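Following are the structures in question.
Below, chain A partners chain B and then partners chain C, in two separate complexes.
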Partner chain A sequence: MANNREILISDPTLRDGNHAVGHQLSAEHIAAYCKAADAAGVTIVEVGHGNGLGASSLQLGESKTPDHIALTTARQNLVKSKLGIHVIPGFATIERDLKPALELGVDVVRVASHCSEADICERHISYSRSQGVGVWGCLMMSHMISPALLLEQARKMESYGAEGVVFMDSSGHFLPDDVRQRVETLVNGLSIAVGFHAHNNLGMAIGNSVAAADAGATLLDGCARGFGAGAGNAQLEVLIAVLERLGYATGVDLYKILDAADVAEELLIKEIPSIKSVSVVSGMAGVFSGFMKPVSRIAKEFNVDPRDVFFELGRRKIVAGQEDIILEVAKELAQRARKGNE
Partner chain B sequence: MNREAVIHPTDKLKVAIIGSGNIGTDLLIKVLRSPYLECGAFIGRNLSSSGMMKALSLGVPVSANGIDYIVKNPDCCDLVFDATSAKSHFEHAPILKNLNKRVIDLTPAKIGLMSVPSVNLEDSLTEFNVNMVTCGGQASIPVAYAIGQTQTDVEYIEVVSSIASRSAGPATRQNLDEYIKTTEDGIKEFSGATRTKAILNLNPAEPCVDMQTTIFAKVKHPDIEKLTGVLAQLVEKIRKYVPGYEIILGPIVENGRIVVMARVRGLGDYLPAYAGNLDIINCAAIAMAEEYARVSLNQTSREH
Partner chain C sequence: MKPECVERTRHDCLRILDGRDKELDPLRQSELVVIGGTGFVGTWIAEMVAALNDGYQFGIKLSLISRSTDQFANRLPHLANRPDIALIKSDVRQLGQFPSNADWVIHAAANPDVRTHASNPLDTASVIVDGTMSVMRTAERLGRLKKLLYLSSGLVCGTQPATASGVAENAQGAPAPDASFIYANAKRFAETLCSAARAQSRIPVLVARPFSFVGPYQSLDTPWAQTTFLSDALRGHHIRVLGDGQVVRSYLYGSDAAYWFLRILTAGQSGDVVNVGSPAGTTLQDLAQEVARNFEPSPEIMFNTAPRNAGRSAQLLPDTTHAQNDYGLSVFTPLEEAINLTAQWHRMQNTRK
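Right after this comes the complex of A and B.
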């Protein structure tokens, strides 16, 4: 079964995991987990607000730890692993956010947009490239467009200077064949690396990650205990074990990544991610998993069914970052229910 | 006295539009409809662009010579709408100042006073160069201003706008950072908030979504009743120049934040109605120009 192919592991526990705790990870959490992930030999450790650099806001939740403190802390505790950040244009600007972050010693910038909007990343990608750091493009909510259109968008990122493109299953909507088709299309159409970021709403995160690797992806994202938005991500320590059984080389030490996952469970994670009923609906409806917390809260306030909210958001094709629309949808559903009762 | 009754077609204020993209062309249609304005020149760089073709079909004097046309034909206008780019406006502004032309700047260059007609129309009238902030700014600043007027200790205001992907052209996509900076500055200036933040989301859904903007605020003791009253008056003013402006939620307090959501449906002139983001900045610019026209024409008739 050995295939000796190398897979780079990018670990957004300290970024995506922030969604699960309302962006309340502390500097102590960051320090402890960075040390553990670094010891395990994880390639990239991503740190920050759930929606990345400069995203602390009332729209998405305010960070307990400001970007500069999070990055300084991570930098001090990473020796071998690279320090990564997630950057969404429209939230983070070059002057206010990206430039200061690079000055703090970030090694890898992942510039992300909604899957069909890659051109908003041009300046952030080319700026990062000009500063000599690693740059990847990320296409979020990638289930919303066809493999061919995804390739078109990924090519734009390649032309801006990205050294790889990660497509993200932000809603946990994909099944393995969906992932395989997209990886194949991207690998055939690009001359740069292809990566995949899985969510677990439909219980497919590990299976989808394996499908991605088998189809030619060379970077996979995973989080300790799956710590991430909604139903969580591909569970990193499981992913490492599975890849090891399949014969992929990740450079990650199994015992040490298991230790890192224990550190995360003990210190960072309030509640181990599981597939809640609303997460299944979020995955079915194709709505960003990170909406779980605000949808649950707002549905309660407006006395509507959170599942109806998710399906309505899906019908309207709401993208990640549009959390404000949850309020509008809940209000509308409440009004409809009232009218129905009259 | 009904001022409109005394206007003759010959009394119209002559304007020129520089920039023949979507914004410039939509402005042209609004100018042609205005009882106070007439278009003396529609200026771009390429005679075969779709904006130019549109202008030609409407019988408007056109030029592909950029600002040089106004330098060589200074009588073509008294007021210039600059719908080019911030970079170009930095070149245009001193030239137009020398020519003694009033300028309404629709780029984020922000050389002149930031102007939002529902809030500071009067103050803007004495300025020779006014800046229309940004589309998100035109939609959200009236709300931010109302918050500033009615709440004490406004610690933070955040505006999140969603626009249809199709309404965001290449210039918008290249200039998200400038959009964010200029909108944040505008919100700060008009609300007095200590900190501000602007966020822009592009939504590719088809059929296209209408422009929406959500304003969040953190204040010490929210006074929703007072805010609701002041906001209602402002919205009435805005709807005079942007009929499709509507508060669709709030003001409410949710999760410790004041929340107000506005939706902007455009007039559907050159731009489709969902592009309320582009329509509102043009409607604001026209409202501004019409007010100049009314004031200057009034002065002229008094001098007679």
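Right after this comes the complex of A and C.
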């Protein structure tokens, strides 16, 4: 099949992957993987705490490598690839976090919000745009609103100056038709590029990414070995191979991205992401993939079924940043179970 | 404001008025009120009035009504401190203090910033719709009113049909009825209010539909192509073009626009609708190159790789046949000169002594 279409590849292995190791990636990890990804010709390499710039905290997990060291290290090891950061307004402030990050040589800023809260991105997008770097808007947990409402939020990001909008399947909930419908709605309603970020809870990350490309998305995210929150992301080296077979041009060298994935497996990844039972439930319930570890830990502590915790979190429409609710839910389920036994 | 910038904008106005001042004779010894008078259009009208009064002894008394008079006074003391210009701080929706002897009124109050439209669509609509209602109610009480010019928008007819070379005043299209087009829809309804005020209260109101402008006084923070390209270049960055650069727009220089508005106000008939803009289209790619030519070293131009949506019209240009044939209006400052003047002005304004 010949598509003759170009797909930009953005690689958040060193950002989303940080979720999978409790934000414990070191400067050495960053240097080694950046070198490998750069050699492979990955367009954008995203670096930082799992929740992005300035997010290292007791509640969200403290980074082993502070932002300025992570970015300096990445900058030193990226020659062709662009250095990207994930920025959630609130975690990252302009003066304290964004400005110093840009001074360290960041090329692409991806400003993210919950799918229905694009308004909070206005200042961060405008500021980044005024500094002459690439700016994308990211709408997280995009399964929680309809395609029409997603377009409304994406249009806000466009008006603030974003040069593209990435919608994120943060809980790995989508099926290919869901993705196709959203990409088509965004492509038809925006003048800027559309991108997609997949998670693999239901084993659909590659299929969903292909559906996105077929429907007109021009940027896809992928992580080496799928290294990312929960069940992981679209496995980058597989994505490159599949896109190559489908005739899309990514500019990424297949052998070298396979080498980069080997580097990631050897140095970065303690446990290759797999679709565990709770991941399936997380995907079904539409709960952020990054909740897998805390949900498993807290469920064990309260002796409740983590699958019940996920479905309850999904019912309450809990999103990233509300991790403290996991405890509340587990406690309530435990109390309910006790009452049931009495 | 740097003296050399003040001098430059005065020169821009006198250049336009040379040989054309007679066309504005009805303004002599009259009182003009501009509501929403401290934005790009209001400021250029103030510059033009100052030039008419100083250079041609027109004796116009100008009042600028705005919520932002304090910022205007700080930014532009050469206009704010003039005895022939009065600043009135007021929200267009509550026009308490209004010059009762106004001969001419220009209603330009609206926030054109697309970021505000996206984040605050209800407020955007309120300023335009409630504001226009308030202006019409106020106009009913003006005994000397000769004409009221409402500044609508070139967007009220929706997208330009693929077969048309420009959007004419009588184009039948309309913006889609959703929040993304709140500004255009509110402006469209405000035009209807103008028509209703004419029908019910005999207010002599006519409509100008502005398209895109360029020039000094346009904030470089706004995310429009021309301001973003200039901002990128002035900061020494690459010029970043969103999309493939094949979108076509046109730009009228600030002093040209001010003259057009005053000419339409004084010569127009109640009920008329006139497009205001340049009919000379340029792709954003060419615009970026034009901006780049004014800087040394010339900034690199970067394109976003997003393919343009084939179903979306890439062109929005005014059909200015009516303005040309019936008002004798044309583009006095070609785009190359407009970009050059704007770049120079910003450089002068930002240069430290």
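Heads up, the rule we're going with is that the second predicted complex is superposed on the first by the 342 of 342 C-alpha atoms of A that agree within 3 Å, B and C clash if a C-alpha of one lies under 4 Å from a C-alpha of the other, contacts with A are read in each partner's own complex, and residues count from 1 in each chain.
Heads up, the rule we're going with is that a residue touches a chain if its C-beta (ideal position, glycine included) is under 8 Å from a C-beta of that chain, and two chains touch if they have at least 3 such contacts.
Note that the structure is predicted; figures quoted are calculated from it, not measured.
After alignment on the shared chain A, the placement of chain B and chain C results in a side-by-side fit free of clashes.
Of the two partner chains placed by superposition, only chain B is touched by A:Q59; chain C is not. In the superposed pair of complexes, A:E6 makes contact with chain C only, with no contact to chain B. Judged by the touch definition given at the top, the superposed model places A:D324 against chain B, while chain C stays out of reach. Look at A:G161: by the touch rule set out above, it reaches chain C but stays clear of chain B.
Applying the stated contact rule after C-alpha superposition, one finds that A:I298 touches chain B and leaves chain C untouched.
Once the two complexes are overlaid on the shared chain, A:T218 sits against chain C while remaining clear of chain B.
After overlaying the two complexes on the shared chain, residue contacts for A:S116 are found with chain B alone; chain C is out of touch. Least inter-chain distance for chain B and chain C in the combined superposition, rounded to the nearest angstrom, is 7, based on C-alpha atoms. On chain A, the patch touched by chain B and the patch touched by chain C overlap at residues 119, 122. Interface residues of chain A facing chain C in the complex, by the touch rule stated above, are 6, 8, 119, 122, 126, 129-132, 134, 152, 155-156, 159-161, 163-164, 187-194, 216, 218.
Put simply, chain A touches chain B in their complex at residues 57-59, 89-91, 93-96, 114, 116-117, 119-120, 122-123, 144, 297-298, 301, 316-319, 321-322, 324-325, 327-328, 331. Taken in their complex, chain C has these residues touching chain A: 114-115, 117-119, 178-180, 221, 223, 228, 231-232, 235, 237-238, 240, 242-243, 247, 304-309, 311-312. Interface residues of chain B facing chain A in the complex, by the touch rule stated above, are 156, 158, 160, 162, 165, 170, 173-174, 176-177, 180-181, 197, 199-205, 209, 212, 214, 216, 218, 248-249, 254-255, 257, 259, 261.
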